[in-house]
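Think of it as A, B, C, D and E in the order they're written, each chain with its own count starting at 1.
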Amino acid sequence: MSDYLLEVDNLQTYFPINKGLFRKGGVAKAVDGVTFRVKRAETLGIVGESGCGKTTTGRSVLRLVRSTSGSIKFENQEITTYRSRELRNLRSKMQIVFQDPYSSLNPRLTVYSALDEALSVHFPALSKPQRREQVMELLEIVGLNTTHVKCYPHEFSGGQRQRIGIARALAVHPALIVADEAVSALDVSIQAQIINLLQKLQSDLGLTYLFISHDLGVVKHISTRIAVMYLGRIVEIADTQQLFGDPLHPYTQALISAVPATHPLLKKKRIVLSGDVPSPVHPPSGCTFHTRCPQCMDICKVVRPSETEVQPGHTISCHLYT
Amino acid sequence: MPTDLARAKSQKPASLIWHRIHKNKTAMIGCILLLIVIFAVVFAPFLASYPVDKMNFKDRFQGPSLKHFFGTDDFGRDIFARVLFGGRISLVTGLVTVAVSSIFGVMIGTITGYYRKIDLYVMLVMDTLLALPPLILAIAIIAIFGPGLTNAMMAIVIAIIPRFVRLVRSSVLSVREKEYIEAVHALGVPDYKILLKHIIPNIISPIIVLTTILFGNVILVSASLSFLGLGAQPPAPEWGAMVNVGKSYLTQAWWMSLFPGLGIMLAVLGFNLLGDGLRDVLDPKMNK
Amino acid sequence: MYLLKRLITLISTLFGVSIFIFLLVHLIPGDPAHYILGEFPTPEAIKQLNAKLGLDQPLLVQYLHYITELFHGNLGASLITGQSVWSLIADRFPITLQLAVYSTVVATIIGVLAGVIASVKPNSWMDRSIVLASLVGLSAPTFWVALLFIFVFSYKLSLFPISGYNGFQSLVLPSIVLGLAEAATIARVARTSMLDVLQQEYMRTAVAKGVHGYARIFQHALKNAMIPVVTLLGLQFGSLLAGAVVAEVIFSLKGIGNLMIDAISKRDIPIIQGLVFFVALMFALTNLLVDFIYRIFDPRINYE
Amino acid sequence: ACSSSSRPSSNPSDPSGLAASPAPSLSSNNTSKPFVVSTVIEVDTVDIDKSTWVDIANSLIYEPLLNYDDKGKIVAGLAESYSVSADGKVWTFHLKKNVKFHSGEPLTADAMKTSIDRFMTMSPVKDIAGPVDKIEVTDPLTVQVYFKEPYAPFISVATSPFLGPIDPKRVAELGDKFENNPSSVGPFMFQKHDKGSSISYKKNPDYNWGPPLLKNQGAPYIDELTFKFTKDDDTRVLEFKKGDVQMLNGVPNSYVKDLQNIPNVEFIKALEPGEKYLGFNLQRPQFQDVRVRKALAMAIDREPFVEVALSGYGQSTFSPLPTTIFGHSDKVENDAKNMYARDVDKAKALLAEAGWKDTNGDGIADKNGKPLSIELVLPHNPILERSAQILQTQFKEIGADLKLSINELAAVKDKLAVGKSDFDMFMMYYDYTDPDVLYLLFDPNTNRMRYTNPKLTDLLQQGRSTMDQTARAKVYKDAQEILIEDLPIIPLFSEETIIATRDVEGVIYNPFSTSFYLNDVKWKK
Amino acid sequence: MTQALLEVKDLNIKFQTNRGLVTAVSNLDFRIQQGETVALVGESGCGKSVTSLSIMGLNKPNVCQVEGKIRFKNKDLNQLSDKEMRSIRGQEISMIFQETMSSLNPVLTIGQQIMEVFKIHTYLNARERWSQTVILLTQVGIPHADSVMRQYPHQLSGGMKQRAMIAMAMACSPDLLIADEPTTALDVTIQAQILDLMNEMKRRSHTSILLITHDLGVVAEMADRVMVMYYGDLVEETDTLTLFTNPKHPYTIGLLNSVPKIDSINRCLSSIEGHVPVLGEVTTGCPFRFRCKDAHERCKVEKPPLIQTGKQAVRCWLYEKEELAI
């Protein structure tokens, strides 16, 4: 029995595009062979540029989209084969918090009914007053005023809405929370509140996070380990300190250097990548990063690099290190 | 007004909308117009001083006067009474057809929009129906079942269901992609609950707007069918049929077609105004 | 590729239409024999006639026969006069087509212009009157307006022929009546769409560039705003090709719509079938055409 | 083009305004203007052997063998004379000399035989000619029609253009496409059929074999003749008012008053050879009781039908054959009038006698708890629809609730056909130039009332084979007496056919054959 | 003192809403010198965008009231006629908008949209306009400029569009470039490209930049001077270095501490509790007092003025004494 809560192996999620009546269009390889493991009570950060497949990875893990192939083990159970009954059970152990706190709340439900619904689905035994009590408790945990229970989402500020989203996720007592850009839409001052809340909940309840973000600062702050994704693949995965201290993959290096300095005196030399992220419908051959890589070699254009563990817990896919 | 703000803030969306309708001039004019029409129609027996089918061969073709506000027709019947009672037919036709087609439309639309597997086939059928212009479709259907109000209504229902399905389906498709739907999915809420509690309430406003506008359209189409002799049958005082009869007497008794025509126009205008107003009121862009 | 896909969809829709209409038509009560054989037909005569017309065969056989003929481009022939459906359509369609084209032109010019004028100064006096006018136009029954127009313009003022088809001048009044009714809808859509476009950020960009007011409206906004208008025009035009039944009846224009009503009252099954099929075909082709017109206005639509 | 104006003078009230221009061009202006007739329904074809009915718009190129005069007497047509054999099985026609087809070919007995043969094989309505056995030509101008059984109604076929000769040479050339360029011997020659809008003719300059009932037996005065088909009554009338049309065929009666105010408008009014009637479904138990039928007949006041539904242009009828059909009997008419004059009290009493009483006070009579509710099936037709509405109020007075069910004619016929019985009562009309219509209406196997009476059937058979006119009239009188007593149908009224002309004179309409003669038509001065 | 390129004095911006007239920006004063990059930072909704729009005169006149003096090159922009204003827009002041996707007209090609600027403001003929645009696009780092000009916005990636936007804004080498969150929608690697490019363009044509952002990192990279806004007020103004080393206003301090830093380790962020009030909610006192640890009685009643202390200006009562000391 492994001590990992979540084990993802060679996960692939393809989306058919242009699904017409008589035409099988191409596929978007949103996630194309992702492997990682998450221990209990740790936070795995996933970073990468827009469209690289972060969200899809998160949704695949939750079985919100059907993955094309690969295996996902949660608490040592293979969940890719789950049917709707088992899935419903699984839902109480895994939850998701979305980026946009406004669009992730049904505008026509009050806070109370949103939370109550979550409870009633998974704890049908609870009586109405019991559920009410739990709702109040949840609100307190996420730091919301209990007088707000009868309010609609539009009556809250962004930070408050995100707290409601978190409360809803917590309602079912999950072990794993996928936070998909959970703080990206918030102002910095509010963002800090939510990050603190998440960290507090983790230490209080022993939660495990899959923390998805494109903001390296935030990810670095909250994660124990970080996976860097590029075009549907993890190019580097390592402990946070290691990744930032000694980034090996040229993409990771560029990414870290591209983050603006937080102090005018700390201005540094940036590695500026040329061009844009290619489309996952027509990914480049070989190493998918070769079109933008400053250290591109001939082999990179042809052969897809395999994953190499350069140090225990530090894996990269790059021809420079094989 | 500070109290306004306070009230608006703590109230449910429904009463908020009502509040906004109050402030929307277009919607209010539409409402008032419709209220007048509904009032006239409901209290027709009290307002009209003659029974609707009472023939009086001595008083044929009387022009508008104090005795007969809208004059009399070729049988000497009081047109005022007939226009009032005719409104009943039009409103009931509108109500029934729109209600039936919206129920079917919403049902088919949500299900096809939500379960994409059957989507293809259902939409094929809907597209087939849509490939036939509504009036032609209605005429063809009436040809089968024979002219008459009920059949005209059925024909209209069949002709507008695809339009409802289209709207509902596209709304469902866009709501379906919203994160809050994914969130309740992630919570493990069963499908039927998602449909009833999360999807339908969120697509209701475009449906309401469409319903209102279709209400006007249905009155117009059923009047057109009656005009072509395919809708309500004599002696029913249907407005379109009255215009049709009146047109034979255009030069000698213009009032016979003028007043029922005005009736149609006012009722339809009322619904259109209301629909327009509601569109503004329910517009998500206004929902700040 | 896109075209191919559209064509396949079109054919499958038409196939659906053919089945639908075949069943529909065969549900119509009333024997064509009753019409053909006059007031007092003998039962034997009816039987003979039905055998001759193939109407005594099982439905499936009839349908298969019909669909094979259809594949060969043969829509059949009138039961009553024996004229081929194509030749009837060829006779009638030009009028319908002209009427559709003229009234669409009228509707587009008036509708778009009114919509643009109204949108430029929302809530102004001008805007309100246009909105109200279009609402009234939308609410007034066509048959009623047509009657009033005939009475005033043709009868009282003798400006146009009263009815029948006698070249272009016969179509002026019906085109105006139909065009005005449609213009009402178009003006509304054009206005809403313009208002929406004028709100867009790229319109702000245009101001920031220093673009002149008129240029903003006609070069930057109108093309964007035309997209929903084109959709609507396409739909309306498609329906008009099916024959503006009411207008054709009132103005006694022998177009497709009138032919349809006649055929139904005579139970002339091949004509009904052929016409509905033709109408659906026209409708679908119009939609196809509209799709391509979109492209002129909206480069975002990608046909590969 | 304007050379051969047979019309002597011009028309000062020419509405086109051209009349105001100076003299010499006047007559030519007018002659080049076609005589325009507006009718409602477009004929499907001008090939008479393909057509289901004859209409002014497709009959003027043809010429019948015989004609009715304005009293209903048979006079010569293309046949100078005719005779029927004693057994009634052979009809012999002697053709006029020097008659020419439009193509120039002479009319011969052979051509006549070809024409009749063509009719008997092709025409969708060939049954009206009866049991024709064969046609024989005995000399170049004599043709004989042999019947399997005597068939008196043949006379009305012989007076219709259906048996008018068609040019055999043209038929040989064109075959099925004969309608594209038909040729016959009538006063007008075919020019063009604009399908869906009009048919135009020009005069036949060689024509000089007009029937004796015409003043002008030579070529028509008008050069060109156009039929314009306009379905919508209002637009037709407006066109006429404007002066675009000179003859309005079938003026809707509600417009007559309006048109009377126009100068130079004349009306031709003639009672139709037919009537509107109510028929019972005698399989319905309530109608099997003749008292109920009689009660309903007594509830009817025909005055408002004529006054309102026909705007006064028509006549009440009480007997099955109206005055315009041979066989009409004034005696029967008067008897019926006496029996069924409106009498609400008597009607109610009769109903009560039959067990129908209003027991629950809703105004509707009932029997065994079932109200007297009647579904009346009728086709789409403004006159019938209006009559039905009046009938509704009249029936209501004796406690019968009438519900209207209006359908397309074809659907109505289907509904009434034998084998189906989903109706209570119907309102229909017939239009036929021979009393044999009663045979068709009451055919024991196909009649819509489901009425059987062997005595009546015998009489109607007799009517078919009785060649002697007086004897034949007696047969139909007897038949009608049975009918008014048994009352399977209630005759209601006959309509007046109204034709309006403007700026012209000389239009002749014969109500017995329902044919038009335009040879005498002249533009008015 | 040298004449500032842009001088904004006493700017008040009010919106007509269904809650009545609310003030989005109040009594804002600032100036921008030739060649200077000034950053405007602050929470979302604090009035950054409306300020920049009012300089261009782009606020919607029916819902928005703008009062105050805006002087540009010694001309009062409020006094100019439509025509004069049009010639300034796009030529002397130009703007890069927050949302590039929606700021480019989807139905016109990139080339048409950029060439239009030349058409309005220069006398170049069509050929010259074309070649100028090609040069411009190449300068902003778009390869195959010729073909890109024939493309429509949706055919380009976000970074490309932003570059095209910059090219459009820089076409007439304006004196002032207003960049409203030019990189917010972009990925970090693309952001780096764009920031580099802006610096490059600035060097080339000595353009002053008013850079609007909420990302302090971008400020640190780009700006010479920073203005911090909170709830429609300018709360602190100073040069960039001072702001980062010695922030004074409690909000600025909180803001700096809220940012998770990539180049240091700290376990717990010090966040600012509470949230920004809704416009119109606060009418008296210091609007920040609800979230301020040092708030006292006076803050509730009296709104602090902008207090000049040494290198910086701060709107906070805490520094009242320091000002007096000077």
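Keep in mind that, in the parts below, a residue touches a chain if its C-beta (ideal position, glycine included) is under 8 Å from a C-beta of that chain, and two chains touch if they have at least 3 such contacts.
In UniProt terms the chains read A, E = ABC transporter ATP-binding protein; B, C = ABC transporter permease.
Worth saying up front: this structure is predicted, and the values here are computed from it rather than measured.
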item: Chains in simultaneous contact with subunit B and subunit D; value: C
item: Length of the shortest touching-chain route, subunit A through to subunit D; value: 2
item: Reference subunit E; chain at largest CA-centroid distance; value: D
item: Length of the line joining the C-alpha centres of subunit B and subunit E, rounded to whole Å; value: 51
item: Euclidean distance of C-alpha centroids - subunit A vs subunit B, Å; value: 48
item: Centre-of-Cα separation between subunit D and subunit C, whole angstrom; value: 39
item: Junction residues of subunit D, two or more chains touched; value: 234, 380, 408, 411
item: Numbers and ranges of subunit B residues touching at least 2 other chains; value: 143, 146, 247, 250
item: Contacting residues of subunit D [partner subunit C, same complex]; value: 44-45, 50, 52-53, 124-125, 127-128, 176, 195-198, 228, 230-232, 234-236, 238-239, 241-242, 244, 380, 408-415, 417-418, 430-432, 440-441, 443, 445-446
item: Complex contacts: residues of subunit C adjacent to subunit D; value: 28-32, 34-43, 45, 49, 80-83, 88, 91-92, 147, 150, 154-155, 158, 161-165, 249-252, 254, 258-259, 264-267
item: Subunit C - residues contacting subunit E, complex; value: 200-202, 204-212, 219-220, 223-224, 297-300
item: Complex interface listing, subunit A residues touching subunit E; value: 49-50, 157-160, 187-193, 195-196, 199, 214-218, 220-222, 244, 254-267, 270, 272-274, 276-277
item: Complex contacts: residues of subunit E adjacent to subunit C; value: 53, 56, 58, 86-91, 94-95, 97, 99, 102-109, 116-117, 120-121, 152, 154, 168
